[in-house]
Amino acid sequence: MIGLTHYLILAALLFSIGLLGAIAKRNAISVFMGIELMLNSVNINFVAFNHFLHPQFLAGQAFAIFVIVVAAAEVSVGLAIILALYRRRANTGVDELDLLKW
Amino acid sequence: MLGVIFFYFFAALAVVAAVAMVVTRNLVHAALFMAGTFLLIAFLYILMGADYVGAVQILVYVGAISILFVFGIMLTKRDRIEDSNRFNRYGVAATIVAVLLFAGIVLAVLGAAFRTVPSDASTSTIQTIANLFLNEYVLAFEFAGILLLAALVGAIVIGQTHLGKARAKPRAPGAGIEGGKA
Amino acid sequence: MSTLAIILTVAPLAAYAVIVFFTSRWKALSAGIAIAATGTSLALSIWLLLGMIGDPTPVHVSMSWLSIPHLGGIRGLDISMGVLVDPLSSLMMTIVSFVAFLVMVYSLGYMKGDEGFSRYFAYLGLFTFSMLGLVIADNYFQTFVFWELVGLSSYLLIGFWRLKDSAAEASKKAFVTNRWGDFGFLVGILLLFTIFGTFDFAVLAKEIPAYEHLGLIALIAVLVFTGPMGKSAQVPFHVWLPDAMEGPTPVSALIHAATMVAAGVYLVARGFVLFQSVPQVMELIAWIGGFTAIFAALIALVQRDIKRILAYSTLSQLGYMFLALGAGSMSAGMFHLTTHAFFKALLFLGAGSVIHALHEQDIFRMGGLSKKMPVTTWTFVIGSLSLAGLFPLAGFWSKDEILLVALREGQTALFVIGLVTAFLTAFYMFRLIFTVFFGEPVPAEHGHGHQAHESPVSMTGPLVLLALLSVVAGLVGSPWWQAWFGSSFGSFIFFGEPEAPHLDLAVALPATIVAVLGIGIAWLVYGKKLVRHEALAERFRPLHTLLLNKFYIDEFYALVFKWVMMLGGRVFDWFDHRVIDGTFDGLGSATRTSGGKLRLLQTGRLQSYALVLFGAVAVAVVLVSTNLIGGFAK
Amino acid sequence: MNGLHLLPGIILAPFVAALILLFIPSTARNAIRGLALAAASCSLALATLAMFTYDNAAKGLQFVEHVPWLTTFGISLDLGVDGLSLPLVLLTAIILFAGVFVSWKLENRAKEFFTYTLLLVGGVFGVFMSTDLFVLFMFIEIAVIPKYVLISVWGSTRKDYAAMKYTLYLLSGSAIAFIGLFAVYTYVGSPHTGLGYGTFSLAELAKVNFSPEFQKWAFLAMLVGFGVLVPIFPLHRWTPDGHSAAPTTISMLLAGVIMKLGGYAIIRVGLGFFPMGAQYWAPVVAILAAINVIYIAFVALVQKDMKFVVANSSISHMGFVLLGIASMNAVSLSGAAAQMFAHGIMAALFFALVGQVYDKAHTRNIADFGGLAKYMPRTSAAFLVVGLASLGLPGLFNFVPEFTVFAGSIQRFTVITIVSVFSVVVTAIYVLWVYQRVFFGPANERWAGLPDAKGVELVPIVLLGGVLLVLGVWPGPFMDMVSGGIMPIVGRIVSAPMGGIF
């Protein structure tokens, strides 16, 4: 039978993959994709915990929905930032954005 | 039994799609794999009885966000799209960190004893969630709305074309301290 | 009686305050105030002295000045300020106010026209106050307080001509040298307090003889004695006194001949029980006195500056007094102090008269003054004879007494030293007299003979008065006085048993002979000029040089000061700047440097931060989940 | 108990004046300094009144005020003074008053200057008056911080370095003292060891029996933390630079009161609550005190700048306070407490005079001077008075506490005390040497035009010099008050078991 552990491990795997994408990709959009994946894996956890530990009370699902809302907002603003950045520097490479160093 | 098969099927596909999203060198492909992953995750939600969350997942992530990403890619990338999604210098280190983190979480999860409660996944959750949103979480709900509005306005303002141009204009001499630094 | 003592002490202070704050603009008025105040002191102290002669019971009052209760096993501090009028203090305050009064009168003439005239009289008032306060003190603490104030007035007066480098230097030297002595004095009275819990002379006089740890008492006695050694300029603290002659001459007469330098003698007499309880300490005092006596007399032989000769003579005579005290006779020491105060003040004032006339201090650029300044000359001669100890002048009786004591106590070596010193004293005084007052006047282009004139009455008056006293003051300590009145100096001021004076020919005869011999040789060399003194100097060149340079002790001290004190300062300063500052500044720059290096971690690249962040999270998760540092897993 | 509410008046006067100053245009110089003077006068008048209305027979805390503040943490704005703190309050008021006159002619940003100065002084008042440990600490910080600005804006000679050095030293000290503070709070709050509820009230803390081991470390924290303020060797190096760089008024406050905060806090908190810990560290403190006294006196001997001499002499003199603290008996502690007052007055006057010379001659290099007594007789006389006070001449107040400290400490640390007494010689040498080279000797024509002290410049001289003289002649009542304030602390020490490191 599929239990909580399966879902948690799956979420962990997706989270790690998303993390790899967020850290190790050059393109800002790609970094964003990684972050979205991480958010999604968290959502899996929310739903899974909700489903397996407190099926009567759907707080976990509600939170997942909130996360989705926030993620949507974040993506819209983030992509706008990337666009603005691109206009200024004609590039979307994250590793060249180091004005805040030292 | 069917649930088990479905789970492994969707989970495996989701992992494969996720890995493909990270490793592919084409940004457009990555976006497609991402959409796929989101879709598979939506199925998993439904598998857990979270039908409403799954629906929202499909609507928002697969429908809206993925499209936004594709637009973003189209609006920014001008050179060769086949080589648009490369790893940076942290590839190896990030892999190690990711594996380590995964291992740690797996260890933690396996070491934990959860007191699971059996449940039937057949009933609809929409009504319960609606009650939650309009009663207990009404404040958060409203704030979420405001946040969305703010994000909308923010995205429009940031994304305006003339904003970038205005900032790019040279400043009047001696008009400020950052002027000389940038 | 105690009220009178307080009034007579405070009067000069009042004069000081009035002059400094109100009348310094009007010179004559300021001088008048000071003289009036001191005159009051003089009159009252004579009144007290007469009262004491009539009824020698000590009068002692005191009031609490500062008190801190004791708690736990520690002594509380209880300091009182008091007045002790007894024969010793009444005599001393008479001497002080008398000489101070005469010096002030004399200064009217001597300091005429000086721009600091009012300031001068103010300082004299301050000095007189401090000295009288020291005299009436009934405890060591009070003594120390006024001891320091006396040092201050001395500092101010030596440095009176403060724009002169040498005067400024001399005043500082005097104060600092005295401080070395005071350091010992202070530690001594602190230890006394630790043991006995009081500073009071009367209480200590009862308790010290009963105290069993003689070694500790000896230590304290020696420490306390360093105070008198400094103030009375005994070897090795003698270096300041000759330099102190930079002050106005009347000041030298008052402070550095008659009164302040005698304060050391007075203190030893006051605290006699402390010293007397340890024979070894008495021995030490006697030997220090004896050594200083002959040591200073030797230096005086070759000095050319008239005031310096007198200064070394003062040192020598102070040595005599300590010799007497150390030999165990308080009477003899105090007696010599008294007579010395008169004739040495006389000599200094006489020298001042000469300096006033000639504006010159080198005796070999003077000569033949006897015609032009008869009063000065003859009073000076009387003073010198008294100092040389010629019968029946004052100096004879007191010096005789000291030699007698030395012999009686079996200190033959000290007796011989005393005799030799007496010879040297006679010689150097008459060397001075024959050179300055007799012989032919030095030609005008070298000296100032043509300007020489007798000083005004305000100056000669005190000279005559002092000369008179230099002749007769010794009588109070003579066997004759004892015979006439049934009592004498020794039965008025004594420690233990009253001492009756007697004339021992075995002492008086040799003493007179060596004095006459000294005068004679001086006459042969400097009066008759049988031998040219330059030739003598040439003959004994190394010795002469050594003496002329005062045994090089000043140079030695200067060297020690430079190499020990200043070097110490420099080393510590270096330590402060290099080691301590170096350490803390080093910490600072280490922080700064490491910060400078560490900030390179701030690459500005978001992903490197994320990498480190999640790396840390991953490690933490692994650690927690494997229970490596404790966690929830079973 | 006294019904007069004097303390809030004393402490609020500078704070309120600082607040009002913010609303005065910076061009209104007369209004600015008039207001500062009014605040200073108000504090001085009230402090003097408190001094004379303090019931010396009843002793103990008087003029008590209680305002609950952060009751959750057991913190309240408790004010009160006893024989230990009241003289220091008066000292602060006197120096502020004199300091306002010293800066009377200041033109450069006078408004900000007086604002910061008043803020600082208000903090100092707070330290001396508060009977709540937390508030006491808080006021120390209030007093310390404005000084950074005051030195770095209005200072001279390496002012940036000095300001930074001062601030870092003092804040490091505070950090260490704060560790002690929180340790105490935790200890008291624990039901096993303390009262079971957290409090900072000094009266409540006095009920707690701190264990010997705890006392040992708590006292060390207080000693090191507040020792920086005193300053204690080897944490003293901020002093010469800080004093020399600060403008005159600030040097006066720095040497006059800021250094006293350390001594006061060590006595009040360190000795008051951790007598056993103090006993344990006493030999160390005594040795450091002797080093302070002698070592720094030697350092002062070779300084070339007048202000450095005076600054070093301040460290040397504060060594007597430490010696008194180390000896821990009624006599030595009364001496230490009185020495803080005496040295405060003396150092303030010293700096005021050096400042006068510097303002006119624009140099403090000793070698440049000579014969100033001819042109500045009043300044020179005042300089002599304060110099003599510094070398411990009887008749001026400084002698009394020094002697008292010696009389107390020689009963416990005989050899160390004797070594410290030797400073009377070294101090005499450097003070008189400086005096001789600056004021005596052939008059240097270069200074012929220098005006003598007159007008407002005489105020600090007369006020501070007068205090030194009056108390020097008649110290009895003052010392009674101080020893009355010390006695409860000594009582706690006496009832604690004896024993030191050695």
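As written, the chains take the letters A, B, C and D, and residue 1 is the first residue of each chain.
What we mean here is this: a contact is a pair of C-beta atoms (placed from the backbone, for glycine too) under 8 Å apart; a residue touches a chain by one contact, two chains touch by 3 or more.
Remember, it's a predicted structure, so these values are computed and weren't measured experimentally.
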item: Of A-C and C-D, pair with higher C-beta contact tally; value: C-D
item: Distance from chain D to chain A - Cα centre to Cα centre, in angstrom; value: 60
item: Averaged-CA centre spacing for the pair chain D and chain C, given as whole angstrom; value: 36
item: Intercentroid distance (Cα basis), chain C paired with chain A, Å; value: 94
item: Geometric centre distance via CA averages, chain D-chain B, whole Å; value: 64
item: Of all residues in chain C, the ones touching two or more other chains; value: 607, 611, 614
item: For chain D, residues contacting two or more additional chains; value: none
item: Contacts with 2+ other chains: residues of chain A; value: 19, 23-24, 94-95
item: Arrangement of touching chains [line / ring / star / complete / other]; value: other
item: Contact pairs between chains, per stated definition; value: A-B, A-C, B-C, C-D
item: Residue ranges of chain A in contact with chain C within the complex; value: 19, 22-24, 31, 94-95, 97-102
item: For the chain D and chain C complex, residues of the former touching the latter; value: 165, 168-169, 234, 236-237, 240, 295-296, 298-303, 329-331, 334, 371, 373-374, 388, 391, 393-395, 399-400, 403-404, 406-408, 410-412, 414, 417-418, 421-422, 424-426, 428-429, 432-433, 436, 439-443, 474-476, 479-480, 483, 487, 490-491, 493-494
item: Parts of chain C lying in touch with chain D, wherever the complex brings them together; value: 64-72, 74-77, 141, 144-146, 148-149, 152, 155, 159, 162-165, 167-169, 171-172, 175-176, 179-180, 182-183, 186-187, 190-191, 193-194, 565-566, 568-570, 572-573, 576, 580-581, 584, 588
item: Residues of chain A that touch chain B when the two form their complex; value: 1-10, 12-21, 23-27, 29-30, 32-34, 36-37, 40, 43-44, 47-48, 50-56, 58-59, 61-62, 64-66, 68-77, 79-84, 86-88, 92, 94-95
item: Partner chain C, residues of chain B touching it in the complex; value: 88, 90, 93-94, 97-98, 100-101, 103-105, 107-108, 111-113
